[in-house]
């Protein structure tokens, strides 16, 4: 019925808006680190409550739609998926806040080494977030699978960073504090990519009607 | 809502002979919105609805107490000083089982106007078309207006009855379980129609299908044994009702 | 499984037996009726002719005709119809739509049903006292017509009520809900939709009245008249006359009875011939009633 379609459209817009906010938080938090910009880090931390507010709003809207519209089949899967996805997005926002926090700390100390891989990880993670949400809205299974594949790349980058940082720490104990904080940032970025992967897996559930979480990806 | 009311009942009581069927029902009806009444069989929702167009006056031994106020005139439409016919000229009803007259489609819609003495062919034709368009039926039957109404399908007949009720520009449109005799597709068409109609007419609908009330109404009243148990915005009633009875009914624990 | 099969065989056999019994019963009735018709036809056919229809009764069987009889029947039926139809329909509508349903209307309803079963001679006696003597209408067509009107009035009222009751209440509610008054509802819905049933009732009432003898004799129809009542249509203004209402008359059943009571065999033939005519008139009226019911039922299916 027409009015239900309008409400679903609104729900999609809210999810995309939340996704855009999360994406920009990730970008800005890493930027704050790389460009040593405290103001930007503080903004990321402040803006997080807006992301949380959207999370609550979307959840309430989903409950309302379930109660009033008795959605079935694809509509029902979409709405229940939306509720779970916002949890992932909200945690991604929290990760960005954590990165911003580390940035604020690292900016007080001299730079350890030029950041190359961290921005690279950030870029991939942002791309995965954006694509996962596009896949959701367009019910694009291929795109979702593509997102899932990229997770390995992020994992590899993280381990690469860890190894490099360990070598720094072994050589010079004074670097341990900074190296640890940088490794945390890498960890946060890897978690962000994991969340984006979750979102992509849920998109596949939405499209196929089968839950594939916690399974190995089928050979395609 | 208080300054945007079309009508409200105040301590409405109703008696079928000695049976006390409605007990102190006070309920507001917001202008240009859909108000739904739900509740188990025999709870009095249809009795309540039929007070609004004085249908009870047609049968003996019925008695009203209390008031139903119509705005903006501020008159009590169930007072004995008001002629039921005047009330029915302002408040129309659509019944549970489609009941078109065994006449042509055109004559069905025109009847309400003829009753008011409108005989001018041009005016009648215009109003008939306008009403049939308003009921989302015009395109389907515009080239067979003189065919018998009984030839239409159940869903079309019900939309014809809606057109017939709309022809007289009612201020309130009463629906008594309008889709309970129809198949799901016809039901869906009429629900969409009601959502569209509320922009122009205030609507009060009784339904035993609470999902329907959830889908299309703005306000919902839950009744049981002649009493109004709870009345609130529809999304509140269906997500977090205040009364346990309401919650039990909605979750299907009884009724 | 075998038990079930046996049971089915037995039930089917009983079915078959019952069908045979039903068929035989029907046939008995039909065959008897048919025999009567054939017999009547054989007896009366020789006398059927234009001359028969256009002649007055006479002492000679071959000269005798039914002119005065069928003209009398026709005029009496006219009065009956004019009296019974409006009264019956109005009473039926009032009792169904207007009267409050209480003990009084219940008594009225029971009495009307009883009146339909009162022997027709009783109506004759009533009419004798009321119309002939009290109102001083005399032994005239008017009296005869009114008597028969009284006779079939209950039938018309009952037929009207049944036809009105067949109208579902949802239609009435729909009409009232649109702001119609009671009279508007009666005028635009009740009367048009019950017309089929009412007409059927009227025709059946009339076709019964056409064959009534006892009440007509009681109010003084003549058994031998060689003249016609005055013509209703005159050659001068106002081109209509009511004198015929007060003229003496006879009707077909009486003429038949008169002939059958005579010893000469020729008159018996006449009686049979008149019987054929009367039968044809009745069948025609009933056929018409069935046709009307069919036409109306096609239009209105509840």
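Each chain carries a letter (A, B and C) given by its place in the written order, and its residues are counted from 1.
Basically, a residue touches a chain if its C-beta (ideal position, glycine included) is under 8 Å from a C-beta of that chain, and two chains touch if they have at least 3 such contacts.
What you see is a predicted model; the values in this text were computed from it and never measured.
Engineer: Touching both chain A and chain B: give me those chains, sorted by label.
Structural biologist: Chains touching both chain A and chain B: none.
Engineer: Could you find the chain whose CA centre sits the greatest distance from that of chain A?
Structural biologist: Chain centre farthest from chain A's centre: C.
Engineer: Give the identifier of the chain nearest to the protein's overall CA centre, each chain being represented by its own CA mean.
Structural biologist: Per-chain C-alpha centroids compared to the overall one single out B.
Engineer: Just the number, please: Cα centre separation of chain A and chain B in whole Å.
Structural biologist: For chain A versus chain B, the centre distance works out to 51 Å.
Engineer: How many Å are there between the centre of chain B and the centre of chain C, using C-alpha atoms for each centre?
Structural biologist: The answer is 48 Å.
Engineer: Please work out the Cα centroid separation of chain A and chain C, and write it as a whole number of Å.
Structural biologist: From the centre of chain A to the centre of chain C is 93 Å.
Engineer: Using the touch rule from the top, collect the residues of chain C that touch chain B in their complex.
Structural biologist: 100-101, 168, 170-181, 184, 188-189, 193, 299-301
Engineer: Under the touch definition given earlier, write down the residues of chain B that touch chain C in their complex.
Structural biologist: Those in contact with chain C are residues 53, 55, 58, 60, 85, 88-89, 92-93, 95, 97, 99-102, 111-112, 114-116, 148, 150, 161, 164-165, 168.
Engineer: Considering the complex alone, what residue numbers of chain A touch chain B?
Structural biologist: Per the stated touch rule, the residues are 1-4, 63-64, 67-70.
Engineer: What residues of chain B sit close enough to touch chain A in their complex?
Structural biologist: Residues 188, 191-192, 195, 211, 214-215, 234-235, 238-239.
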